[in-house]
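Look for subunit A in each of the two complexes below; its partner is subunit B in the first and subunit C in the second.
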Partner chain A sequence: MFDLPIEGPALFSIPFGDIVDYASPYTLILFLFAALFTALAILSRPEQHADIIFGEDGVYTGRIPGPENRFQRFMAIACGLAAMGATVSGDIFNFCIFTSMVGLTCIGIVASSGNRHVLNAAFEYGIVTMIAMIPLFGGAAIVAATTGTLSIWELAGGAIAVPFVAKAFLVLGVMGEGMAPFYVAKAEITRAQGAPYILMIHVSSLLIFLRIIEIIITI
Partner chain B sequence: MREREIREGHGSMVSRISRFISDFDNLVPAYALMIACVALIGLLTLPLLTYEPDQIYPKTLNPSSPLNPYDRGGAPFTAAEVHAQYPENAPYIGYVTGYLTPLSRFFAATTQYMGTTIVAHPGGIIDEILYYTRGLDTIVETSILFVAFAVASFLYRRREE
Partner chain C sequence: MIQYILFALATGLLFHGIHRKLIARIQGRPGPPVWQEILHTLKFSFKQTWIPDTASEVHFVGVVLISIAIWILALGVVIYEGSVLLLFAIYLLHKIVEHGMGLSSGSPYAKFGAIRSVISAASELPLFVTILLIYYFTGSLMLSDIIQWQASNGPLIIPAFPAAVAMYLIILSKMHFGPFSIIEGKEIVSGNRTEHFGVWRAGLEAGFAIKTYVLLNAFVLIFLGSFSLPVLVLIMAVILMTLSFVCAYCPLLGPYDTVTVQSLVTGVLLAYIIILEVVL
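Moving on to the complex of A and B:
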């Protein structure tokens, strides 16, 4: 248990051996957001998109075929669960694994779109997600090698110095996984249908980005 | 209209950058450039990084052991010396790694060169760190594999429709 200026007091912790998940006010809020959107993905029905023809009165309602949607919902739920794991993780390597799972499920969500333009954007996005695993796990490896530990509780408080490169690699990896600053590519992706499921990409990337910023300030 | 667009893209620095990244084909080069910059900083600050000798998960190689590259020490039913970050969360620490099935004990007693076979067959060496103190990592890794197979099979099956 600890009490830090950014993190706030630790409310409770769930030990999984050396990996101790903990909830502070900050991480608990992120976790609840992820849980809320996962519940939305489970409960809500997919939206039906409407194509409006300009200059006329024509409005077409598109219908999304079933199996495609089921897969998208499955991936959205998996993405939400991974985001929930990442937000409360108390271990840097564990956080990295959950983050890469978020990236992979995001590829799954966009890959289930049938639109050619969306798939082209998703391809580029997938390449970035795959590359991003190198800086992500590289950063975790540098942390382990230079400090000898991976637990955020041990590293917190500035008693053990974590090198700048490791932090930069971690942020870069999360940026690539969640595409947090690359909203350009996401704008293409959001042309895909199925609103509640596509939203999960944005929510999860936002949450893991907020979490990694908190982690690098804490350690 | 076209000329105006081009002029917009060559205005200030910000508009030039935003025009560059608005094309998603430039996404991978932009990301690669960022990685290259950070890697360069990493290479320049490499002399400042020092290896911490006091690792929580130390690894030693004992070539004379029949379990050679995977030997974590310990005999069955006795506790081995295994480090953990939070020993209070792992009451059975040290007992897990020494476990061998009768078949793997036979292999270990017979030959020196079956270490990989013993670790790869079911009930072989149960790595304390992989399956006990850091078991959650292993579970999530398996989930990642499952998700990856799900995506791949979905994409493969879609071709037929």
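Moving on to the complex of A and C:
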């Protein structure tokens, strides 16, 4: 167990060899938040999308068709599960995998949208996400190459020095998954219908950003 | 804990009232009485409440409850001197509440507010480097350790002045009628709050009041140190007044201008960290 003056003591841990998945008050709250919004995505019905008719005094509302709704819900739940995995993972490589899954599922959430602007934005977001995976996994590779381990538990507290460039790459990779200043396309894809599912796009990226801050300060 | 929550709620609402009053006086208007926000919240608590037909019901109500819950949790972190990292995580999770409020109703105005809340997430960048700078000086992110560090080394605001400016900017970005309040700009009616009325609005006002109290309290604890409650509230009120002056004189920025300002502040902070680490 570690008790770093960053996030408080570890509440419990599950060792898998040198990889130790753990929960601190900080990671536990992030996990619970991801679980809460995943539950909301399961329980909520989507809103009726209202649009203004420009030049006329009126609005029109639309419902999401059944198959599209089911697919969006499935991808939102997958995104929530990936975010939960990223918040409690004790291994940098696993964190990177979960982060990549968040990027992919975010595209999936809006993939069935019929809106051309949303689909264009999703395409651009997908390109940025794929490019961002290079520094993300590159950072993990540098950590493994220089320290011999990817276990956050082993690296915690500066016991083994992690190169600054590896931390910078990890942050850059996560930012590419939808944080400022690479998130312009992401803001556009939230125009799609299905509030409980679209919200998961924002939830997941904030959670992985919060987790990477904790990781780079911890190691 | 209950008395702390009630105190934070009442003080936060009073601060919102003072904020409105000051802005009005600076702009040459009489403005509402300072207790107006308390009356507003009470009034909304007993008004007719409904959920729009177009809304995602569970989601529409859920974000209100989550808003109150996360800021009570943040208050607990401040009172029990927990991790600053957790406090800032809650600040970022508040973005989800803003986003969810806007998306859940189905209103196009609220949705514009929600999209703007994604854009305004640029405030996470100065927040990130603020945390790094606090950790750089104190070697800890636990509030109790930071307060102890200040007891022996003096206020953190002196060595970490750029971080204090960045956190001030972060609090400013959460103030009503401020230059960064793009999510509730009047050109999109009330932005993401457009459809939340009655009890839901009262709940949101309560959550936001606790948020204002927590952020100001955290600023004082992190950068100035620990004080007795009356002095603490007085210092918080003075900081609030400076924020009100900024809000009264600065026009609402465009969405992308807010990103530019926050990114520039982040750049300056990063440069400061590099100078500290490499040059000094």
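In this section, the second predicted complex is superposed on the first by the 204 of 219 C-alpha atoms of A that agree within 3 Å, B and C clash if a C-alpha of one lies under 4 Å from a C-alpha of the other, contacts with A are read in each partner's own complex, and residues count from 1 in each chain.
The rule is simple: a contact is a pair of C-beta atoms (placed from the backbone, for glycine too) under 8 Å apart; a residue touches a chain by one contact, two chains touch by 3 or more.
Every value quoted in this text rests on a predicted model; they were computed, and no experiment measured them.
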Examine A:141 and indicate which partner it touches, taking first as subunit B and second as subunit C; both and neither are also allowed.
neither
One more residue to check, A:30. First (subunit B), second (subunit C), both or neither?
second
Quick one: is A:105 in contact with subunit B, with subunit C, with both, or with neither? Answer first, second, both or neither.
first
Quick check on the superposed pair: does A:130 touch subunit B, subunit C, both, or neither? Answer first, second, both or neither.
neither
Quick check on the superposed pair: does A:78 touch subunit B, subunit C, both, or neither? Answer first, second, both or neither.
first
Could you say whether A:213 touches subunit B, subunit C, both of them, or neither, answering first, second, both or neither?
second
Overlap the subunit B and subunit C contact sets on subunit A and report the shared residues.
184, 188
How about subunit A: which of its residues touch subunit C in the complex?
5-8, 25-26, 29-30, 33, 36-37, 40, 43-52, 59, 61, 179-181, 183-184, 186-188, 190-191, 195-196, 198-199, 202-203, 206, 209-210, 213-214, 217
Spell out the residues on subunit A that touch subunit B in their complex, using ranges where they run on.
15-20, 71, 74-75, 78, 82, 85, 91, 93-94, 97-98, 100-101, 104-105, 107-108, 111-112, 120-121, 124-125, 127-128, 131-132, 134-135, 142, 144-151, 154, 163-165, 168-169, 172, 175-176, 182, 184-185, 188
Can you check the complex and tell me which residues of subunit C touch subunit A?
53-59, 62, 66, 73, 82-83, 85-86, 89, 92-93, 95-96, 99-100, 103-108, 111, 114-115, 118-119, 121-122, 124-125, 128, 131-132, 135, 139-142, 145, 259, 262-263
Which part of subunit B faces subunit A closely enough to touch in the complex?
21-25, 27-28, 30-32, 34-35, 38, 41-42, 45, 48-56, 84-86, 89-90, 132-137, 140-141, 143-144, 147-148, 150-151, 154-155
